[in-house]
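In the two assemblies presented below, chain A is common to both, partnered first by chain B and then by chain C.
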Partner chain A sequence: MGRFLFRSVISIIVTMVLVSILLFVMLDPRDGAVLVKILGIEATPEQQESLANQLALDTPIMTRYLDWVIGNDWRAERLIGSDVVLLEDPRTGDSSWWIDEGNERYIQYEVNTDGLMVPLVRQPAGEYIKEAPVDLWETDAEGNKFFWGLDAKGRGALWDDSGATEFISTQTGWQELAGAPVDYIPIRKGVLRGDAGISWRTSRSISNAVYLRAGNTFKLAGLAFVVVMPLALLFGIIAGINEGKFLDRFISIVGLIGTSTPEFVSGLVFILLFALTWSLFPSQSADLIGTGLKPKHYVLPVLTLTAVELGYVIRMTRASMVDVMKAPYIRTAIIKGMPYRRVVLRHALRNALMAPITIIMLHINYLVGGIVVVEAIFAYPGLGDYIFKSAVFGDIYALAAAAMVTVIVAVLTRLFGDLAYTLLNPRIRFS
Partner chain B sequence: MTTETRSKAPTVWSNIANYLKLVSESRIATIGLAMVLFWIIVGLTSFVWTPQDPNASLGIPNRGIQDGFMLGTDRIGRDNLSRTMAGTQVILMKTRIPELSVGAYLLGIAGISAIVLGLVALPWASDKRTRQKGFIGLIIAAVLIPIANIIANSTGLNDIIIPKFAIPVGVAIWGVAGSLTLGSTLGLIAGYRGGTWDQVIMQILDALIAFPRIVLYLVVITALGQGDLVMIFAIAVTGAPGVARLARSQALEIKSRDYIRAAETRGESIWYIMFREILPNAIGPLLVDAMLRVGYAVFTIGTLGFLGRGLPPPEPDWGNMINLARPSFGQAPLSVLVPAFAIVTLVVGLNLFADGLNEEITRYQK
Partner chain C sequence: MKPRNVSKKYMAKVHPRIPEYFDMMNDGRLTRREFMRFATLLGMSAGVASVAAACGGAEAPAATDEVMDEGSMDEGGAKAGGTLLIGMETSAILDHPARLSWIQGANIVRQVAEYLAEPGADNIVRPWLLESWEANEDVNEWTLNIRQGIKFNNGDELTADDVLFNFDQWLDDEVGSSVKGLLNYLEGGMNDLERVDDYTIKMHLSAGNIGVPVHLTHYPAAIMHRDFQGDFVASPVGTGPFTMTEYNPDQAVVMTRRDDYWGGPAGPDSGFPYLDGIRYINMDKDAALNALSAGEIHTFYQPRPTDWEAMKDNADINVVATSTAQTLILRHRVDIEPFNDLRLIKALRLCQDRQQILNLAWFGEGDQGVDAHIAPVHPAYDEREIPAQDIEGAKALLEEWAAETGNSLPLAVTLVTKNDEGEQQYAEVLQQAANEAGFDMSLDITEASGYWERWDEVPLGITSWTHRPLGTMVLELAYIADNEGNPVAWNETRWVDEEFSDTLVAAASTLDVDARRVHMGKLMDIFWERGPIGVAFFKSAWRLARHEVKNITAHPTQYDLMYNVWLDDAA
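What follows is the complex of A and B.
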């Protein structure tokens, strides 16, 4: 058992490393498509270049991969020469990086038109006040002036005296800003430490969004699971013990049609019936992060998931039940005159449920996939919706982080499935 | 048994033909086949005749059943029936190759050759006698794409454009064929060779299988853009791990049989054993699985079309039709229900076909 667990954990770690490399290499923005997406099609090549620099897309893929996985705050700390900390802004709930100078003094920098650094000192309420400009230029071996610090957006930034311009996003569009840094490090702790950086689409923390939305998705998936499983096991067993009869054919065909009807079709039909015609339940649960979802928001998504999932689990349970009912010990039990009900409940059921348990565990993977579509239809603020929107935008770090979460869920449930199977099956447990 | 019949060893194709003969014995499989054939005939018909031009706005938008538009019109007045008929084409009948430069073709051909060469060389590399040959093949496969890239960039090949055209057989079928080729080769090596080969191959495939299917599709499409060829690639990559698992379990079961021992003693090559001895005997379950996979592919293409990430226009695509009809579902339900009916019946047909065939094959083996 211990060896089995050890091997599983090693295998999971290798899988996760492979998945993260695969995701990163595949999603790597080879052309400027994502820059156009963020800036709009009217952006000039200079603006695109500036943005690529600000997002650190001009660094080698290996560096970006390591930054993404294990973070780059330590790299920034070495360049800046002092500790950096992530502090939450109480006004917005977003976090930003600050240089920690000790004594509760946290600063970022700005370079003014005279070429001097203006320290921005953080106040407890989250805002900053500007202090008198100071000269902090350092000189490298070739006599060029440079300065590593954090800019007002909390990014690691390298200034020199060349007077570069940065194109920054404001309410009114893209503006040029003189006295800008020439190189950037978008600081993050890395996915291993639970920080995947800032989303390009929403300009907010990816990890926070994924955390919130994963919670919503698990609620939906959990509800669907609780509704689907008892029903599916019941119908699967009924179909299995009536193999070949009308009842079996009926349950199987209805289940097959349910499984073959895409979520978006059944979802739309349910919306038409329950929301538009009879006005029983809301059809959209959009943008309810924070305000909380009411029970009525769950009804139609769960119903849609049930319609598509039910048939699949029925099929598995039925096949397993049919196999068991053909086993010699069942025939013996029937021949020796045991009541049929007792044969089914005491002998067949226990053995028949073994196979579905592992398959149901594997099926959670499929359930998460189906949820992407259901969330898109019902505008449900879950992980699937986030994955879909990030994919459409080309927000690769957000997509990769959210996809990693779904993969972790899949691998862990597979492990639990294997464990459950091992524990339930004496032949494996004692070998 | 006479010597003549013994000398005729069953091949993959003769076994597939044998299994397909079983179809007529199963009522379920016959019904399924009829449903699939219905859509194949509809698709073929749509090339020469549809009631209206599927891409022209000829009627009043969002109307129900009316003269000349048997199943109503969509929101810009196109005929639902004609569009649903033509929607079969991109899934089952034809694959559209977009306008590409010669350089892009060179890269594509290099990529496909690299995969094929890799699949040929991998079994060789796993066999002691042919290890050198195998590794040389793998190295050549690895450098093919960079070489093609250099040639395409250094010459003027990127400027010569080949216009778009279509090749026969649809996206779903090419995709499943791809996952069968990839998956069964890898699965057979893993199962027959065992040991490190098994562990390495299955570990890599496990990483792919860990993705929820639709998420992997979205990742591939985000990375490579929308298009028929990308969809084929996505279907092949997503399906390969499942096929490999099945092929592996079959190979594990078959490899201890006497005729494999005999072939090994005769000194047959690993290729002969894998594809002439094991594969023909494992083809039944793989065939059934492939039918189900075509069904999944149709389902997923529909889902991606609904999400607006599926096959590109202008040819109608069922999922996309439903997506476009969604805002006016209340006024024109037929625009959603007709393509939905198409997806459901085609998927149900493929499922029934596979189920019936499976029942017959297992009965035949017992």
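What follows is the complex of A and C.
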């Protein structure tokens, strides 16, 4: 048993590493499409190039993969020469990186028109105040001036005075913009430490969004699971032990109709009936008046998922039950005078559940990653919706992070499935 | 009290051209709407212009009220209170408004921060944060007069410093604002802006441009406070009628009424905003359509033609339509064989049954086009007869081409487009007719993102173009060359025509509408004679709202102008 668990965990880790590499390589933005998405098609090529640099899209894919997995704050710290910390902005709930100078003093930098660094000192409310400019330039081996710091967006930034930077003085005496950095490191802790960085699509923390949306999806999927599985097993067993009778036919046909009707049809039919015609339940699960989602918001999505899911599991359970009920040991048990109920519950059920468990575990995966259609129909802010929108946008870090959540669910359900087998079947347990 | 009459002397003081327009309006050469538009563009306040418009003109006076304010009819019984529920996708980047590339985000910002000028739902630009603007004769020097006494929601007063701060942000490459592309006449960057005093800024343009006020309405050009640090969500400080009290883009974005709002150009007595709040609820259009018909929301962002079709006969829904310059452009690249021969695109244009295309692609809701990228809603539009379908003519052109170049017919071509704005229907109708005329057309239709990845690369395609208030704006983006003679970034056809470019420069620096109409007419003729595009129709846009929502407008670019919208519980 211990060895079995150990083997499973090792295989899970290997799977995750391989999947993450595969995901990352496949999602690699090969052209500037995502830049167009972010800046709009009206942006000039210079603006696109500048953004590519800001997003570090111009660094090799291997570096970006490692940044994504294990983070790059340590790399930035080495370049900047001091500690950096991630602090939450109480106004938005999002976090930004600051240089930790000790004594609760956190700073970012801006370079002004005179080519001096303006420390931006963080205030407890989240905003910053500018301090008097200081000269922090360093000189490299070739005598060029450079300075590594954090810019006002909390990104690692390299300034130089190579002339790439434009100094603007105007007739108006208006002198705001000075040096833009020439290179950037978008700092993050990496997914292993729970920080996937900033979403390109929303410019907010990916981890916060994935956490929130995975929670929403688990809620909806869990609810659907709790409704569907007991019902499906029950009906499956009833149909199985009544093979060929009216009850069996009835359950099978109703289940089949539900399953063979896609969600986008059944969902709309339910909306038409329950929301538009009878006004019983809201047509969608959006938080309309800001009081949070009420149970009524879940009724139609769960009903839709139930309609689709029920049939599969019923059929699987039924078929398995029919097989087992034909086995010689069941016949023997019945012949020897054992009560029918006891034969079904003690002898048949245990063996008949082997096949449905595989299906049930697969369906957990479906419920978590695949309910995007239901989420879209009912405007439910879940993980599938997040993955879909990230994919359409080309927001690869967000997409990869959210996809990894579904991968984790997939490998964990496999582990649970394996464990459930061993409990049901001693032959696996002792092999 | 409004002045009952506006003297020509006063008009001339605002701008020497305005009296001419006034005369033209009186002669019937200019509609009131056009007079309003040009008087306001030249610096006359919308209120005075509307009075002036009412003084003259041959049309029935009733029309004037419509011009003055589309929503004025309901102003009398306006009730305060209530929260407007709007379905809209709210989850996308919202940090620096200057960087916005989605109108939904701008609609959120717009409730909190305002623009120097307001792009009215009637395609008329009016001063908003500006009291007025003035242009010199050559329209290369513009004076922006900022309205005094406007307070940000943090208590600070709006001054020239705030406006200059925003110009600086727009022009800053690191910010990456699309406003920069429009302000290409500020070649010297901030050097071209002059701070005259606390409420006056002068713009020195390197070339005359009549579009300045329109450019100030571009949706990323919201005026932020001078201390703005790049994240709207962290510091939603603006002069607008609402404050942002909740930002949860995965679920909802909530706006709450500001009691100390300056009231818009009508002043604090306007009672604006009427609403207690606005709630933008994150949902896509399918969910929103259901929610609208179930009465769970009041309206939603940008209804599609199918949504319009579904709701137009619904007794609970008020449908408002507006003409726009949004269009689908059938275009080909003139630098790729065989389309470097103009006879081919001409043949394709003759294959268009414009009414049928409009019917199938946009439910017949829109204006037919004449293969010029200039829409009837544009002020200087020069009306032309709508060309009829002529398959025989197309066939003749093709045969002539084939005989001359030694190619055989049918000519195999691939038409590439996307499927989210009626392009597919357009393509299919065209395919049928084109195949009759001697083409062998195959279609390559993808999702929108699939097309935008290659929109300016494909040899033959249908591209959707958005609304722009002035007819010259899109032409400057897509049908000219840059200083080095290379086609500009968005010139998807690579077509450059010297006479066209010169005429366009002339049009873009001509304020006189009649004179400009001559230029625009010439541009339309060039489009027809040797242009690289086909334009079958311009789309209508709609607003679908529950009946209890009053004063709500359909906007050609889907801007949510909500300050004077109110809710009538009795309806």
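Rule of thumb we're sticking to: the second predicted complex is superposed on the first by the 397 of 431 C-alpha atoms of A that agree within 3 Å, B and C clash if a C-alpha of one lies under 4 Å from a C-alpha of the other, contacts with A are read in each partner's own complex, and residues count from 1 in each chain.
Going forward, contacts are C-beta pairs under 8 Å (C-beta built on N, C-alpha and C of every residue); 3 or more make two chains touch, one makes a residue touch a chain.
Predicted model, so just to flag it, every value in this text is computed and none were measured.
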item: Touched partner set for A:L276, first chain B, second chain C, both or neither; value: both
item: Partner chain(s) touched by A:L55 [first = chain B, second = chain C, both, neither]; value: neither
item: First, second, both or neither for A:R213, with chain B first and chain C second; value: second
item: Which superposed partner A:I185 touches (first chain B, second chain C, both, neither); value: neither
item: Per-residue contact with chain A, leading partner among chain C and chain B; value: C
item: Which of chain B and chain C A:V19 touches, first, second, both or neither; value: first
item: Which superposed partner A:L39 touches (first chain B, second chain C, both, neither); value: second
item: First, second, both or neither for A:V411, with chain B first and chain C second; value: first
item: Which of chain B and chain C A:V392 touches, first, second, both or neither; value: both
item: Touched partner set for A:A401, first chain B, second chain C, both or neither; value: neither
item: Set intersection of chain A contacts, chain C complex versus chain B complex; value: 268, 271, 276, 376, 392, 394
item: Residue numbers on chain C that touch chain A, as the complex places them; value: 83, 85, 87, 91-95, 99-102, 164-165, 168, 172-174, 176-178, 180-181, 189-191, 193-195, 229-231, 233-235, 246-247, 249-252, 254, 279, 281-284, 286-288, 290-291, 293-294, 296-297, 447, 449, 452-453, 489-490
item: Chain C-touching residues of chain A, taken from the complex the two chains share; value: 31, 33, 36-47, 50-51, 89, 91-92, 94, 126-128, 152-153, 166, 168-174, 176-177, 180, 200-204, 209, 212-213, 268, 271, 275-276, 279, 282-284, 286-290, 376-379, 381, 389, 392-394
item: List of chain A residues in touch with chain B within their complex; value: 11, 14-15, 18-19, 22-23, 26-28, 256-257, 259-265, 268, 271-272, 276, 365-366, 368-370, 372-373, 376, 387-388, 391-392, 394, 396, 399, 403, 406-407, 410-411, 414
item: Chain B to chain A touching residues, read off their complex; value: 203-204, 206-208, 210-215, 218-223, 295, 299, 302-303, 306-309, 319, 322-323, 326, 329-330, 333, 336, 340, 343-344, 347-348, 351-352
